[in-house]
Every structure is written in C-alpha cells, then in structure tokens.
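Here the chain labels run A, B, C and D in written order, and each chain numbers its own residues starting at 1.
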Amino acid sequence: MDPKDKATHSPARAALLRLVPLALLLGALVALPRFSDMAFLNAMVLVCIAALYAMGYNLLWGQAGLISFGHATYFAFGASCTIMTMAAIERGSSFPTPLLPLAGGAASFLMGLVAGWFATIRTGVYFAMITVAITELVRAIVQRWDTMFGGEAGITSIRMAWGPIGFQKLIDVYYFTLAWTVIGILLLWFLQRSPLGTVIRGIREQEERVRFLGYDTHALKTLVFAISAGVSGMAGGLLAFTNESTNVALYEGAYSTTVLINTVIGGAGVFLGPVVGATLTTLFGYYVANLTYYWLLYMGLLFMVIVVCAPRGISGLGVDAFRRLRSDAPVPWGRIVRQAAGWLAMALGCIMTIELIGAVVQPSYGALARSSGVAWPPVRVFGISWMPASPLTLGGIALLFSFGALMLRDGVVTARRNVAKLAEAIAGKPEPGP
Amino acid sequence: MDAFLVALLNGLVYGLLVFMVSAGLTLVFGMMGVLNFAHASFYMLGAYAAFLSGRYIGFWGGLIVATLAVGLVGLFSERLLLRKVRSFGHTQELLLTYGLFFVLEELVKLLFGPTPVAYRVPDELRFTAFTIGNSQFPFFRLLMGATALLMFFGTYAALRFTRIGLIVRAAVERPQMVSALGHNVPIVFSGLFAVGSALAGLAGAVAGMYYPTSPAMAHELGSIVFVVVVIGGLGSLNGALAASLLIGVMTSFAVGVESTFGDLFRALGLGGLALPGLEAVQFSSIAGVLPYALMLLVLLWRPAGFAGNRA
Amino acid sequence: MKLKSALKIAGLSAAGTLASALLMGTALAQTQIDVILPVTGPTAGTGELFKNGVDFAFGEVNDAGGVHGKKIAARILDDGGTTQGGTDRVRQAISGGAKIILQGGGSAVAAAISADVKRWNERNPDNPVLLIMMGAEAAQLTKKDCHFYAFRTSTNADMRVKALVKALSENNRLGTKVFAINQDYSWGREMDAAVKENAAPFKYQVVGSVLHDVSKIQDFSPFVERIRESGAETVVTGNWARDLLLLMQSVSSANLKAKFATVFLDEKGNIASAGKAALGSYVATAFVAEAGGAEGEAYLKKFNEKTGANPVSAGNNAVMAIRLLSRAIASVPEKDMLNPTALALALEKVTAPWVHGEVSIRAEDHQLRLPLVVGEVSTEARFKLDGTDMGLKPVKTLTAAETEVPADGSCQMQRPK
Amino acid sequence: MTSGQGPVLVLEDVAKRFGPIEVLTGINLTLSRGEKRALIGPNGAGKSTLFNLVSGRFAPSSGVIRLGEKRIDGMPAHQLNRMGLSRSFQITQVFGGMSLYENIYMAVMSRHGKRWSLLRSGRVWRDIAEQTRELIDYAQLTSLADRQASTLAYSEQRALEICMTVATGPDLILLDEPTSGMSRVEAANMVAFIGRMTEGRTLLMVEHDMDVVFGLADTISVLSQGQILATGTPAAIRDDPRVQDAYLGGSAH
C-alpha cells in the first residue's frame, strides 16, 4: 500500500468499506431461502460446506505455506465421526444436535495432531507426499473396516429434532450450515489476527528465523495442521449432517483435489479467496454438469488459465482491481473491453470446438449418419443446429479464435509485463551484494 | 522354489515398468525441482499415440511415433506453459502440471470415450519365452522388462558419457552454478523435459498393450510413480531403479501372504485388542498401499531417498 | 488484466444461458423423466452403456406412439459417479418436480440415492418419488435397504453366480475345483459368498478365494500363481473394468488352463482390450444375440441403428427398466401416469417382453426376475463384439424361474394403505 | 537463564565430523560475561561449522558445549533461544511480508513466553508493545517502524536482523558475518550500530572484514584447519606470527 492511500482513507473508513459489503452479503444469504427453490438451496448448502472446507485448507496453505494433497482424510473423518454421533443421538444419546459439527471437528483435530506431527517434519514437496501417504494408508484401513465406517454403502442416520428445531426441512439445514460456516470462518479470522497468527505467517516466510526466536516451529506447525484438519472436519460434519449419510468414497482423492482447485481458483493469498473459489466451482459443477458432458474439461481449462494468467486467483485480481479503483490512475476502459471481447471469443471458440468434436465422435452420431444417409448430420450447440463439416461452421470457429488472439495480443504482452513485475515483488527481498 | 522365482520375476517386471515411467520424471524432478503431475498423462498419451499410429504403421512403428509425439507434447508443454509460471516458483509449476493432468485426461475422454480402446499385445508377440516349473513366462512381459533396462542403460550412458549429460548432471546438483557457467539452462530444461516426456510416452506405448489403454491410465499409475521418485531420491536414476524394483517385488510377494490383521495382533501379543471387523482383513488385500507405507518411512527417516545426497 | 477473470465468468455464464436454451429445446416433449447417470468421472464407461439403453428404450416407446398418447423424454443428469453427485441430482430432480427417477451406475451411488429417496418419501408422504435402479447389483438394495418406492431391474451376486455355475455344471464345463477372486468391497464379497454357498448344490469344491484391493492392483500375476497352485478348473470373478482386464491378461500370458466365469466381461471395450486373453471365458448376462434367434438379431440390429453401439451388459437392464415402466404407466389411468404410488403398485404386477423370455418384478422385495444367458467368448460366435473377431456363443439360456434366488425375508417394506 | 558470574559459553574438546571428514577437532573455548569475541580464520577453517554447532544447527560429534551451567550441545534451536542464546544470519532472514514493528514484536513476544497466544489482553501485552517501541526507538529505526520489511533497503534489513537478534533478550549473541555484502561506509555504520545494540552483552561473531573485527571485538580466536590456533586481544593476534602464517601461507609479505 502506498502511504498516500493511507492518508486519505482513515482506518475506520477502510474497515467500514470492508464490513459493509460483507454485511450485505450475509444479509442476502440469510434472505436467500425466500427466493430460492430446493435445488438452489441445496447448492448453497454445498457452497457453504465447500467454502468452510477450503478456508480450513487455506489456513495451511495461505497462512503456513504448506500444500496438502491429502486433506480429504480430515474432511471425511469429520464426516464419519459426525454421522456416528448422529447415529448415537438416534439411539438416544443426549448429545445436542446443533453441536454435531463440533464432534467431527474435534475428531479431525485429534487426527490432525497425529498426522500433522509426522507431516510437518518436512516441508514443500516432501510434506505434500507425506500427506498423500497418510491419506492412502487411512483410506486402505477405512475402506476395509466396514463395521466401523460402513464400507461403500456407508453409514446412514437421520437428523433428530432438537428442542424447537426440527432439522427436517432443507431450509433448517441451510441456516444451520450457514451459521456454522460463518462461525468457522470467524474463528479462522480471529486466529489469523491473533499473535499466534503472526507467528504462523512468520513460519511461512522464514521458518528458521522463527525457530531462532525461540518458537518451537514443529509444534506450531502441528497445531496449525490440526486446526486446519479440525475446520475441514467440521465442514465434513456439516456434509454428513446435510446428507444424513457418509460413504468411504469421501476418503478418496477427489475431495483432496477439489479443495485444492477451489483454493487456487479463488486465490490462496486473500483471506476470503477460497470462499470465492468454492462458490464458483461448486455452482459450476452443480449446474453446468447438466448442460454439457464436458464440464470437467471446461473446469480444467479454466483452472489452467487462472494458474497461468492470474497466479493469485480470482480474488487476487479483485484486490488488484479494487486498489486500482481507489488509486488515481485512470481506468483503461479500452483495454478492458478489448480483453473481454478477446476472452469471450476464445471461450466461445473453445466451447464450439469441444461440443462439436464431442458430438461427432459419439457412436450414436455414426448411427445417425448411417440411418439418415447424411455424412455429417447437424449438431446442436447453444440451441442452434450446426453443420459440423460446413466451411461456414469451421470458418466461424477459426474466426472466433483469430479474433480472440488479436484482441488478447496486447493483453498478453501487458500480462507478461505484469507477471514479471509481480514475480519481482514476490521474490521481494533485494539481492545481497557479492 | 518355482513359485518364489515366478513371484520374483513378476515383481521385477512390474518394477521395471514402474521404472520406465519414473525415469523421465525423476530427471525432471531432480533438475527443476518440480514434481510433474502430468508425467503420468504423458504415459497415457504414449499408449494412445501408439494405438492410433500402430493401426497404420504396425506395432514397432507405433512405438517410435509414440515416443516422438509425446516428446513433442512435452516440449510444447514446457515452452508454452511451464515456462510462463516458472518465475512464481515451484508451487505454481506444480499446480500447472496438475491442471494439465486434469485437462489431458478429459481431452482423451472427449476424443476416445471413457472406455478402454483396443490397443493390445500383437498376436505375433504372444508366445512363451521360457518355462519355470509349471509357469510359463510370456515374451511380451520380457519385452516390457527389456525396454525398461534398455532405457536405463541408454539414459545412464547418455548422462555419463556425453557433454549434455554432464551439464544435466551438474544442473541437477547446482542449477545456479551451471547457469553462471554460461550454459543455456532454459534450453537444457526444455530438452530434458521433452526427453523425460518421450520416455514416458515410450513406456505408455509398451505398457499400454498389456494394461488397458483408457483415460484412467494416468490415474492408475500416477501416484505410484511419485512414490518411486521420492523413495529413490531426487533426480537419481539408480535410486529410481532400486525403488521401482523394490516396490515391484514387495507388492508381488505381499499378495501371496494369506495372513490377516488378526494374525498380526495375535503375533504381537495383542490378541485382546479386538478391532472388530478389521481382524479378518487379509494383508494381501492391502498390497496396494505398501508403497505408500514405505514412502512414509523413507520421508520420515531419510528424506533424501535411497540414493539422494541432498537433504 | 484485473477484469479479465470477471469477463471470463461473464462469458461462461453467457455460455451457460445459451446452453440452457439448448435444454429447453429438448424439454418440449410432453413428459420428462429424470435419469441420473455417471456421464463423467471414473465410471463414465458404465454411464455410456446406460445411456445407450435409455436412448434406445425411450425411442422404442415413442416410436410406438408413447404412452397415453404422450411422448416421453429423458433428461440426463450427471452424478459424476460419486455418491455426493447422486444426492445432489436427486435434490435437483425433485426440486424440478420429478416424480420418477431412473438411476444407472454403481451400487454405492444407488445406495445413496435410494436412501435419499426413502427419506424424502418419509418426510413428504403426500409427494413421494419413485426410483428405479437400473443397474446396481449390491444385495442390500433389495434386502435390508429395500423400500416401497425403490425398484431394482438388474441381478445380484446370488443370481449371477447361480446362473454361471448352473449353466456350466449342466454342460460339464465347470469341473470340481472352483476358485473365487473378487474385489474387496460389498459386491466382491457377495460374489465370494455366493460362490461358497453354491458349492454344495452344484457339487464343486472352492479351492481358494481371494479378495483384493479395488482398482489398485497393478499386476495380477501373483494371484494367477495362487490359482495355478490350487489346481482350479474354473475361476469365478465379479471383477469389472480394469481389475477384470488385468486379471485376464495375467491369466492368458501365464498360460493358465482354468476357464473364467465372469459377470461384466461383455461391457464395452473389455473384449477388444483383452483380445485373445478373453477367449474361452464365460459371462452370465442378460442378452446374447445368438441365443435369441431372429428376435435377438432384430433387437441387436435396431439397438445398433439407434445408438451405434451393441446392447451389452447394463444397457439391457436399462431397456428392461423402461419397458417395465412404460407398461406400468400404460396400465394405470392417464391421470395417474405420474403418480408414484399407483405406478409402484403397477410395477409389481406388469411383465415386459424380453428377447430371452419375460421379465417382471417380485412384489416382495422389488427385485427383477429375468432370464440370463451364459455365453462363451469365442471366434465362432455369430455376432462379433467390439469390432473384434470374437463374440458370445451361448452355452445355456436360463429362464427367469431358474435364475431366481428366493428372497430371504430381510426386506421389510412399508406399503401404503 | 544464565545469571551469576561464571563464563557464558564453554566449549570442551568439541569435534565435528561429516562422514570421514574431520572438520573440527579438540576445540576449547570460553567466553566470559560481557566479552566480545570474534572468530576469524581462512576459508575452510571451520568457522561456520563451529558457529553452527554453538547455535544448534548441528550437534557436535563429541565434546561438550555449555551455556552458563547447562549443556546445550544437540539442543534444538528454539530451546537454545529460550535459554538465552540468539543468533543472526549471514543471509538476511527477516519477515518480508510484515512491518518492521511486527518483526521485532514477534521477538519480544517470545521473550515474554507468549508463544501460543490467541488473545492479546492483559498487562503483559502492553509491556510487549512498549518494549518493542523502546527497542525500535533505541535502534533509531522509528521512522521505518510501519514499513513492510521487504521494502527496506539492504542495510536497513541488516539492522532489523540485528534488532531481532537482540530483542529476545539473550545472554549470548551470535552474529554471522553481520556486514557481509555491505559497502565500506555501510559496514562502518553497522559496526557502530552493533556496538550500541549489544552494549554490555556477550558476543560471538564470525567475520571476514578485519576492520569490523577490530572495531567490535575485544578478543579474537583464530581458527585454522579445524583447530584454534590462537586466542588473544586484537593487538596480540595481529602480531602473532602463527596467525600471519595461517593467513598468508608463508607467501611473500
């Protein structure tokens, strides 16, 4: 931040500027069920869970600088323990239903203490590989321990009413999940702002220095790992609570991957970045999956575009844009429009290409060609029938790509320059002399 | 004794297959410090490339085309993608290869469908190489092993006896130093990356005829390859070979064990420690996770791996 | 650069809107039924089989003028092969007003979806949903976990194993020594148990049984050596996809003489990928063209014309499910054609034609009764599969009565009054 | 914490081997309270190894290291620090993403034993803030307090490094080439700065620059080929023929 920026905006105003949008967002979320059908409400429940999971995950990455490739274990273990507690309530235990996610959180926290102690002995790739190994070992045991974890049929239970709250309707589940997600995120925020949070950031930057300041970094990292696992477990518990069932498939790699992708897309460097990523990808998977069979490919491409062009994720871009707006530099509208047009053309071109290829290579397309006697029967994309072999279609696609490339060309140049600048800023420390 | 020999041979051949895929990865990892997640995808691409081209130019031609084509894919991935994010550090490179892994799998699904394609052992290679007791050892398993050994010695000789090999070895040890000596490290990087990918492509072309050539191929071998690289030690070809063989033999023998967890608990005098439902589980059914257990031990006690010399 | 991503999102959502216009185009048909399938994810191959069956069967119904004069359209929802995906799609379907849900795919997803539907029906007794699981084979779905609104139109381990050993032993191809090798999860364990249970009635000895890690084994050779040592003549396996292919590769390359009795060998790509290794193996399946005579050939041809693929494995179960459903719909008054309770009651009564004999639902536990054919992979088969020179040569066709395994009474369903 | 009048640091017969290579043999060294000792020696003499042994990066192969009364050889770094030993790094290790104030704040927090705190309430936190301010003022870095550390000039970062080293309130300060990479003028300023910051404290440093050594140290130990060749006042060392021999290898001079 440049000092001038600070001078013109008082801290109180800055805080207000941050709090007001958050309050508005929260208000919208609270009012949401009035305007939403069951499917969207369910999607938002999943968004909350994914957001909390990603936030827990990002404590490890964004704060402590450790990338785990096996966080599904803690998410799933939280879910398992929550469903077991739910089953116990069903059998008459007096455990209060509203505290169920804490059961999952606590269980995963304890597991995280053990796993984290081992994993944080190393850093970087080695740390990541230890998390993978632990995940594989846990998965192997869990998948065979049917009496405990229910095998691939899973454990099912049912939400029991607690006092006045029935927990039978999805709307109850939504408010419940939202509340716990907000609690979880607040918890992480306080942790980040606490003295301990400062030390954790210190570990990410210069671990050895922290050690030589008298902090036991291994113990601290273990604690961070466990808290991260605990929050993830809480999210898992919310999932178990929502689905009223768990499954050993939760322990598989997919749930480790998703949270990583969410964090990258949202941006690990901004506190609420993972929430942005979780929201986008969850809704994308929830709705686009029904529109096209190739949604995973689109998601993968989006992921790669973000890794290459926006290394700090979408929220990173947002923060940059916000700073730019508040500074006095003029907004380069021309460039923005050009870029937008370029990316739009590229995206359309990609979608057209993929959908056409996808349709043409289907065996049923061959059958259609044979039965209709037309070599290249039309394919519907965007509700329009396209002749896949017609020069008009192919030329159109080529035009989209070349237009996109043309529009983005200067964009690519500036992007490269920005990237170089950013890289410099990240490398940060001036080189020591010879 | 025969059974032992057969198990040993099977283990060695499987180990050699794993080595084929890990060889390129370990070089790339050693030199660039990046675990290339997409490496196993190159292995998958190799199988598909060999399947496609083999229909027109025969099996052996398919092997060559697959090797070259995947090498090119590797080269382009490095120059067009990886290089763009290098300045952001290893994390970003890792994530990019992760995305590439994802996209390549989906692309193959788009083009070839989700089910396996008919890339299989050519009938003229389907004969018995030799017999041990009652077991007959098929020729193409031998071929898989031989390709791997050839690859090992070829790569080893290239690293050992050529000038480029010298630069590569030096760059694995001290990248900045080599750069400072005026060598064009980026070009060496690209070249090495392409060669590493080509090796994976060859491995896929050879292994794809035995293993189902499907989009899931990369997933199935993916993580085991990382395990080999980590256990073997950063950038060490010898270490990777040793680790691959160890893992191959270990899994081969583990599936022959009929003991259960219950037996283990009883043997440890913990018979009373009843973990209901777990004691009847056979060790052979968890043979697949043994490599991970081994990796965990290596990482905790000797993070530099078998042959590594950098902590 | 800062607004780039925002615009990307805008682009995507624009694309989404356009794509939903595409969906609107298909939604013009009169009645829509939601079909939940794994179109993506690790089990997408199975999803494709179901999709072919669904396309063919609805085409068949619509070509015949639909039911009650209305055409039926399938809306395919992708569960990605995960239980979470299944749960989400059920909620989406119900939220969209679905009364009937068809599900194709693995047992775990089916179990999750069945449990979700059951809970929904319990909480919303006035607005129930009917579920037909077209392909899940886990025993519990029609045992402990059965419920009134759930139907299963495929077999289970008991039926498959019984069909296999019965057909093979009656043709003197089984031998007396049988080895069971299966995946270590509920389906594999049920197969394992079924092989052991049938030993006494079909007079064979189980000389060995193995449960192995699912989709993790890279090399089955050590298992093959165990089979060889046991002296087994037949190996029964419920393995699918990769675990099946690798097993057969190892066996063929080791020149083991034992024959394989399988369940999923005819799934797309398997025979092509296994090549010669598949020769001489048996499969118990719902459809073998050669065993169906002219009718079999006609079905094969029509299926091929519609989908460009062969009717194999789970695809046939989808066809049976939709034939049963359309007959059930036709048998109720038009006003009840989307009334799940009326349809469930009707499903218990109707029968549907099938190439090898009629299929019907057992009212007691909603398990399908169907004929099965045991075929042998052979180059002499009349109809080849997967573009190879191999196909299924029928060994024996078993009637629905012969394949039936009586319910064990563990299904306790709450019937509406 | 070590108090009392005995020596602050004692090394008895310390040796270190890496595999077959013997880097240090029979090192005996005693630092009394308030002493400022420099370790010098030609390249490869084992200075860094000795430094790393004392600061807890490596454990010695044999021998005993004492901080005050307590044995510290093989002890992990964080415990060493809590016992009153603090070190700086040759390659600057400050927290680039934090302000200079926060950098020092973290060190002061550790001194007060607040290493696991989630809350910032109570008297002790007022003390921590106060002491952080005092230290920054004393170091004359007040104007830079809110600057992000990565934006500081190199010499300012070095100063911060020293400040952090001192801020944990150690009995013994280890400095690893505190002026490396600095110009003559900067180095001279640094000597003055270090002198001010470590006043009255015990100091052990490794340094190449003889001006710095003579400016800061009141005793010098010369290390050559893994052994201590000589220990004495700067003047005595300067005149010691063995030292000249070791440095110049008997060549012309």
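Just so it is clear, a contact is a pair of C-beta atoms (placed from the backbone, for glycine too) under 8 Å apart; a residue touches a chain by one contact, two chains touch by 3 or more.
In this text, all values refer to a predicted model and were calculated from it rather than measured experimentally.
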Labels of chains that are neighbours to chain A and to chain B: C
Chain pair with the most C-beta contacts: A-C
How many angstrom lie between the centres of chain B and chain C, each centre taken as the mean Cα position? 34
At what distance in angstrom does the C-alpha mean of chain D lie from that of chain C? 73
Dist(centroid_CA(chain A), centroid_CA(chain D)) in Å evaluates to 44
Euclidean distance of C-alpha centroids - chain B vs chain D, Å: 47
Overlap residues in chain B, where contacts from two or more other chains coincide: 109, 113, 285-286, 288-289
Touching two or more other chains - residue numbers and ranges from chain D: none
Do you know which chain A residues sit against two or more other chains? 140, 144, 146, 296
Touching chain combinations (by label order): A-B, A-C, A-D, B-C
Residues on chain D engaged by chain A in the complex (per definition of touch): 55, 76-82, 86-87, 89, 91-98, 102, 105-107, 109-111, 114-120, 150, 153-154, 157, 164, 168, 180-183
Across the complex, what residues on chain A touch chain C? 37-40, 42-43, 46, 140, 143-144, 146, 151-154, 156, 158, 168, 170, 239, 243-245, 247, 249, 254, 280, 284-293, 295-296, 298, 302, 305-306, 309-310, 314, 317-318, 320-321, 324, 336, 339-340, 343-344, 347-348, 351, 362-368, 370-371, 380-383, 411, 414-415, 418
The answer for chain B against chain A in the complex is residues 33, 35, 81, 84-85, 87-92, 94-96, 98-100, 102-103, 106-107, 109-113, 223, 226-227, 230, 275-278, 281, 285-286, 288-289, 292-293, 295-296, 299-300, 303
Within their complex, state which residues of chain C touch chain B. 40, 42, 44-45, 47-48, 184, 210-213, 215-219, 221-223, 225-226, 228-229, 241-242, 245-246, 249, 253-255, 267-270, 272-276, 386-388
Tell me, which parts of chain A touch chain B in their complex? 67, 118, 121-122, 124-126, 128-130, 132-134, 136-137, 139-141, 144-148, 260, 264, 294, 296-297, 299-301, 303-304, 307-308, 311, 354, 357-358, 361, 419-420, 422-423, 426-427
